[in-house]
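Quick heads-up: structures coming right below.
Same chain, two partners: chain A is paired with chain B first, then with chain C.
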Partner chain A sequence: MEKLTDHKRSEIKGRLVGIFGQENVTDKAHDLFPYSYDATECEPHMPDFVVLPETVDQVVAVVKMASEAGVPLVPYISGNNIGGLTIPERGGIIVDFSKRMNRILHVHESHMYAILEPGVTFGQLKKYLDEHHPGLRYSYPFAPPFSGAVGNALLSGMNNMSCAHGSMGDWINGVEVVLYDGTVARVGSCFLSKEFRADNWYSRYPMPDLLGLFVNWQGMTGIVTKCAVQLWPRRPIETAYLGIAYGYETTAEFMRELGRAEIIDDISAVSVEVAKMALGIPTPIKVPEEPDFALLIPVSALTQKHLEAKHEIMQDVLAKVKQKHGNKVFLTGFDTFASLVGEGTRVFYDLPGVITPLVEYSGLTWFGSYAPPEHLGVLFEKATAIFHKYNFPAFVYSKIMKSGHYGIFRPIIRYKKDSEEDRARKAMEEFFDLGVSYGCIPYKTPVWMCNKLKEHIDPNWLALFKKVKGFMDPNGIFNPGRWGI
Partner chain B sequence: MELADISRLSRSSQEALKVVLDRCIRCNTCKYAFREFTPTCPSGEHFKFESYWASGRIRLARGLLTRRLEWTEDILHPIFACTACGACGDSCQAPQQDQIVDIIESLREFAVKSVGAPAKQAKLLPAVAKHFNPYGEPHSDNAEIRAKYNLPQTASVVYFIGCTSNYRQRQLRDATLSVLQKLGVNFTVVDERCCGSPLLRTGQIDIVADLMRHNAEVMAATGAKTIITSCSGCYRTMKKDFTKFGVDLHGEVLHSSEYINQKLTPAVLKALQGKATTSVAAKSVTYHDPCHLGHHMGLFEAPRELLRKIPGIELREMPRNRTSSWCCGAGGGVKIGYPEWAVQIAGERVEEARQTGASTIVSTCPFCKTNLSDANAQAGSALDIVDLVELLDRAL
Partner chain C sequence: MTKISEPQDILGLGIRNLLGYIEGRGELEPLIANWEKTVVIELVGLYAVSIHFHEKGIQIEPGIDANFDVMVSMSLETIIALADGRTSPVRAFLKGQLKVKKAWHVGTLLKFLKIILPALRIAGERGARHGKTHRS
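And now, the complex of A and B:
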């Protein structure tokens, strides 16, 4: 977008004030500045306005206005993503949902879903379910409590039930979305009524899955104003195991085998340095005798016998891995581990919470990717070498998703934003090259990674992608510049 | 990258401001009470844009320090429209958690030195400079009080009254004097000046060190090794800020609730009650944590313990208590800078207290008492607003 003239800026501001009210619109530099960058190395860009919507009608009005005026709209919840996704690449209007459009509209107890406005956060949802629907649970990622639940689902984030149930993108039953011309469409089983009803958001199938027009598009095709996410029955027994593992391939194989056993809710592996960070060592160095990885394995069960059966199967998996690799993986109850090693390690289990190692400095970035599980071992090894090369403590984070259909490979760098960003960026480029060379696909992808990714992907996919974008957003108002287009 | 020149700021402010370069990814955890997920930030909840939350202010500080933002009159609003209650620091889980209030206050000092203080807050400085109190009242050297209560020149304890108790909430001062005498404490009062808190909270620090030095000298002259105050703001300032300015108090600083709680053993209580001419009727009360005592200093339990020692008192907690406590709205220069909003913040607290079914809000800060009383009156609420020491004085 060309820089707004003073006249046009004034005209747009007047229209925004008309839509949202004076107190919910700002164009002051100091108000815009905090929205201009995030924790990552992604390039800052100032928005022209920030608005705080409260109703769908206001969103419809701002979309129509933006279409007419050719002004970009950037949806924003808490700006916690690690990918520059709410940095307004081409200026325009930040639509901040977290402040006023953050209601939990409905929880359907028997159909097990919640209809959320876009600004709902994990902490808010957790509190609401605990207080009003204690028999249901949602699932939480390694993200702070004030992160957007809807944004994370729409961007295929992961959670602490991902080994059992996969990506959060799969948990969406339906959305209400405002299209470029102001049309409000409902997608999913909720399409089966002329007007909004709270009781028909139970599935996204079997109709053509138009959710694909919105999931993972980073707000480039429309603005979601309602989202139904699946909830799950809370099991009477929720516990966790803690594992330590020596050897990259051993770690990866244990994760894969345990995933295939279909007995756990989730499995996360982190470089052992990360556990030390949680105990208050900001820049830990692994000593040779230490294990390479720590594993967190949440498990839930209906009865004690159910849990014991899972435990028995887990021991069988462990024995199988030991037979092949030797005695290199050790498991204990998480409570035992935390009491022995340090209560600080609970941050990895007690979610939604703050993973303290992630908030150590002013910068945080990662190469977050979906990965072919069979390559995780070599990815761990080579990523650790990259960390050492760039003098950052190793921080590999990995998961097995949906019983092992895919995995997560995520090397993470915490850094001082004003003095270490160049070094972090160079390391990220190497992580990208490494990951893509083994078939990893970045998610919540920053623009610079998208541009590099284009060098690797099917050109016909890209052409189709651009066609769909052009169809969905003919005026180029929805988060333009994302995916480098 | 060339940073803005902050060499004119106090050393502690320079250090606090530099924290923003290396800390805070803006994870937003400061916005909610941690684990409770309840709102605790009056400023963010009211003004809503990111610049009005702690993490947004850290970004403003970074923007100004790195020269990505320019100083304007406008920018004073997000910098000063904050009670600096410190709830953000209790929620934050990152290494800067104990420095957030310092960063905000240092940013204010940076603002004052760059574009001047906001007009209303600016009135504090000449008032304190001339009268040694922020209310502009004629200075009292407290000789009258010493005479009335027959207090010695030297003593083992100094009661530092604080300006709000000495010039506005005098019943709180008088109750403290009375309780200390009933407990038989060897104490005195001094020719005190403003502790510096209102100036520190609003970034106007030029005369603060002089005030501190004076207070340290007059208190040292009494020979006291214990300094108690019934004002949470004075407590925070003497306990935490004096050292930043290199001023040694030569004594342990205790809040009156802390000190009295230590002294009031069951045996003492029994003996005193035998002499009491009045008593507290059985009542249910709720306790409001003053931010300068709670969020800033972590003193949550002593006032509650003391409350529970008073016969007939039933303590009903508000949902937001201790680290998740909601501010009364008066602190950080908000009462003078944004008086209507200050009362609005207090109104939310009064309503929260009312819903507990308690008949009384008890606090341990004269400034909280003032603002909660203002909101209480505005709401037409029948709640009684008292300080803990007043309640105690009635019981002993």
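And now, the complex of A and C:
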């Protein structure tokens, strides 16, 4: 977008005030500044306006206005993604849903879904379910309670039930979305009525799955105003195990085997350095005797016998891995272990929560990727070497998703923005090259990484992607610049 | 107040945390007054840490100090079971789950157990409280 002239700026502001009211529109630099950057190395860009919508009608009005005026729209919830996804690459209007469009519209107890407005946070949803629907649960990522639940689902984030149920993108039953011309479309089983109804958002199949036009598009194809996410029955017993492992391949194999056993809710592995960060060591260095990884394994069960059966199976898996790799993996109850080594480690289990190791520095970045599980061991090893090369503490985070159909490989760097950003960026580029060379696909992808990714992907996919983008956003108003287009 | 070193390894941090429970109750200082001993705790399959008690405080470091006075070896499961109260040192010892080197230093062993066992029990009780929170 070309820089707005004073006249045009004034005209747009007048129209925005007409839509949202004076108190819900700002173009003051001190209001705009926090929306111009995030924790990552992604280049900051100032927006021209921030608006706070409350209704779908207001979103429709701003989309029509933006289409007409050719002004970019960037949907925003909490801005704490680690990919620069809400940085307005080409300026324009930040549509901040977090303040007023954050209602939990309906929870369908029988069909087990919740219809959310885009500004609903994980903490809000958890509190609401605990208070009003204690028999149902959502699941939560390593993210603070103020993170947006809808944004995470639309960007295929992960959570603490991902080993059992896969990516959050798979949990979406349907969305209501405002298209470029102001049309409001409902996608998913909710299409089976002329008007909005709260009781028909139970599935995204068997009609053509148009959700693919919106999931993982980073707000480039429309603005989602409602999203139905699946909930799950809450089990009477929820507990967690703690694993400790020596060896990269041993860790990876243990994760894969536990995933395939289909008895756990989730499994997250972190470099041992990360556990020490949570215990107050700011720049931990692994001592030679220490294990390489700590693993958190949430498990739920219907009865004590059910839990005991799962425990027995876990011990069998452990024995199998030990038989192959030696006595290199250890498993115990998480709760007592956490009290033994330090309560700080609980941040990884009490979700959603502020993961202290992630917020102690001014900069935070990662190569978050979906990964082929068979390569996790070598990825751990090579990523650790890259951390050491660039003099950052090893911070590998990994998961097995959907019983092992895919995994997560995410090297993370905490850094000082004023002095370490170049080094962090160079390390990230190496993580990217490493990951892609083993078939990893980055998610919540920053622009610079998308541009690198284009060098590797099927050109016909890219051509199709651009065609779809052009069809869905002919005026180029939806979060332009993302994916470098 | 007893000065406890700041270890950089995960087991050392655990030992420091455990000693902190006792220190928090004001029970550590009288127990270790004028006590100059080195005790090693080994978690079998993991590694060992050496704990030096001396007049200037407590120093914790990874590895086995060759001049240890007593060395206690057990598995991760056993130390968790001790914390949870599912076993006792005597029972674990009789079952071969807890082994002691230089056991003839009975006084040192008993004193160390007097320090570490209450700390482990505090950890176990705290863990159980959190377990209830998580409905486990």
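Methods note: the second predicted complex is superposed on the first by the 485 of 485 C-alpha atoms of A that agree within 3 Å, B and C clash if a C-alpha of one lies under 4 Å from a C-alpha of the other, contacts with A are read in each partner's own complex, and residues count from 1 in each chain.
Quick note on the criterion: a residue touches a chain if its C-beta (ideal position, glycine included) is under 8 Å from a C-beta of that chain, and two chains touch if they have at least 3 such contacts.
Keep in mind that what you see is a predicted model, and the values were worked out from it rather than measured.
Superposition model on chain A: chain B and chain C are shown accommodated side by side without a clash.
The superposition-derived angle at chain A (between chain B and chain C) is 70°, Cα centres, a multiple of 10. Chain A has more of its residues touched by B than by the other of chain B and chain C.
By the touch criterion defined above, A:Pro357 lies against neither chain B nor chain C after alignment on the C-alpha atoms of chain A. Looking at the shared chain after the overlay, A:Ala39 reaches chain B, while chain C stays out of its contact range. In the overlay built on the shared chain, the residue A:Gly247 is in contact with neither chain B nor chain C.
Using the contact criterion defined above for the overlaid structures, shared-chain residue A:Pro75 touches neither chain B nor chain C, since it reaches no partner. With both structures placed on the common chain, the touch criterion links A:Leu279 to chain C but leaves chain B unconnected.
Shared-chain residue A:Gly169: touches no atom of chain B or chain C. Once both structures are fitted on chain A, no C-alpha atom of chain B lies closer than 13 Å to one of chain C.
By the touch criterion stated above, chain A contacts chain C in their complex at residues 236-240, 244, 272, 275-276, 279, 281, 284-285, 287, 289-291, 294, 327-328, 330, 332-333, 335-343, 346, 349.
The residues of chain B lying in touch with chain A in their complex are 1, 20-29, 31-32, 34-38, 48-51, 55-56, 59-60, 62-63, 66, 68-70, 72, 74-75, 78, 93-95. Listing the residues of chain C that touch chain A in their complex gives 8-11, 13-14, 17-18, 45-48, 62-63, 75-77, 79-80, 83-84, 120, 122-124, 126-128, 130-131, 134-136. Contact residues on chain A toward chain B in their complex (touch as defined above): 24, 26, 28-31, 33-35, 38-39, 50, 52, 78-80, 96, 99-100, 121, 123-124, 126-127, 144-147, 282, 347, 353-354, 356, 358-364, 416-419.
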